[in-house]
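Residue numbering begins at 1 within each chain, and the chains themselves are lettered A, B and C in the order written.
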Amino acid sequence: MRQQMKEILVGTRGKGLVEITDEVLRWIRSTGIREGLLTLHIRHTSASLVIQENADPDVRADLERFMSRLVPDGDPIYDHTAEGPDDMSSHVRSALTATTLSIPVRDAAPALGTWQGIYVYEHRRAAQSRRVAAHLIGE
Amino acid sequence: MRQQMKEILVGTRGKGLVEITDEVLRWIRSTGIREGLLTLHIRHTSASLVIQENADPDVRADLERFMSRLVPDGDPIYDHTAEGPDDMSSHVRSALTATTLSIPVRDAAPALGTWQGIYVYEHRRAAQSRRVAAHLIGE
Amino acid sequence: MRQQMKEILVGTRGKGLVEITDEVLRWIRSTGIREGLLTLHIRHTSASLVIQENADPDVRADLERFMSRLVPDGDPIYDHTAEGPDDMSSHVRSALTATTLSIPVRDAAPALGTWQGIYVYEHRRAAQSRRVAAHLIGE
């Protein structure tokens, strides 16, 4: 049994999902570990990790539309507005989605379903550079 | 240290929770691993994994009632309606709940609290056959 | 490769976040494991685990204000009211946030971002004693 770690850098383009499935897959293959457990942790509190449908881009647009209505920017109940109207709403979205994901690895690939992709979900309006800590244990 | 993997098949009966605690427990016992880490990953984007109260069935009914109000089927903001009014709402519910869970294992059982059960949460209206990838590492 | 387990006891003071980052860090250091994977699992269905901003306390107050509006106590749609108006709302909040977290460990510390802290999120009105099962694997 052995382990590998990597930090994956992801450029985002404002609110919405950026797929990282291929980058994760390439990294797993580079480690030589074929069976094991993959863990991803996004090192920010205004962006998330989600596993979502990877076929129809409308799914990502609809998810963002739903979240923008549920957790609107500039909500007057917030006191924490230091970085603007999308600051606190990003922290709330982060709490309602996922910061960490753990996925079994089989045959050197995450055991994703046919329609599943791994995404960084950006909650800020501006483009950001995000860091995802990745850990793989197995053999 | 060693690891085991299994795919658990779960039949659902429309929107609501299906408990899988016993099946997970039986599998852990069959592996001979007594101390370690269990990871579950549901291989779908219209069903989730949740840990919820296992005593009063009203809890599961109330949770479903809340989610049906928060994320109604047929919401006019959605463009992705290929599979019907419960298609996109299922993806949103999936993003708001959990796709993966990791639970420490002690004495050959998940370290659940007294009132905790592990559930597949079905978000589609029709019965489905769901696959959960399970990984166990330990000794 | 080796593993360690611990149960962390956390006293809460009614609805809101209680930071446990330092206690987790001290435990990791005490194990001698420097590189690996940390998993936390809260053994309750009316409290959660969240990773949130650790700088401005307004963030935690704003998050609680948002959740109190989204999932109000005493919602008339609930049948499960055995333990009072904050009973079922706590279970719903638990489903919408996280019960388990997995974080890579580097240099004997969780690979948290600069502004990230690990919190127990209490959803009940009264103070509670909460148990978090912690698992660490690595070397």
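Keep in mind that, in the parts below, a residue touches a chain if its C-beta (ideal position, glycine included) is under 8 Å from a C-beta of that chain, and two chains touch if they have at least 3 such contacts.
These figures come from a predicted structure and were not determined experimentally.
**Student:** Could you name all chains that are in contact with chain A and with chain C at the same time?
**Tutor:** Touching chain A and chain C alike, sorted by label: B.
**Student:** Same or different: at the chain B/chain C interface, is the fraction of residue numbers used by both copies above or below half?
**Tutor:** Different-residue interface.
**Student:** In whole angstrom, how far does the Cα centroid of chain B sit from the Cα centroid of chain C?
**Tutor:** Centre-to-centre distance between chain B and chain C: 20 Å.
**Student:** Would you mind listing the residues of chain C that make contact with two or more other chains?
**Tutor:** Only 1, 37, 39, 70, 96, 98, 101-102, 137 qualify.
**Student:** In the complex formed with chain B, which residues of chain C make contact?
**Tutor:** Spelled out, the residues of chain C in touch with chain B are 1-3, 5, 37, 39, 41, 43-45, 70-71, 75, 77-80, 82, 88, 91-92, 94-96, 98-102, 131, 133-135, 137.
**Student:** Mind listing the chain B positions that touch chain C in their complex?
**Tutor:** Residues of chain B touching chain C: 1, 35-37, 39, 50-53, 56, 58-59, 61-63, 65-67, 69-70, 96-98, 101-104, 106, 111-113, 115-116, 121, 137-139.
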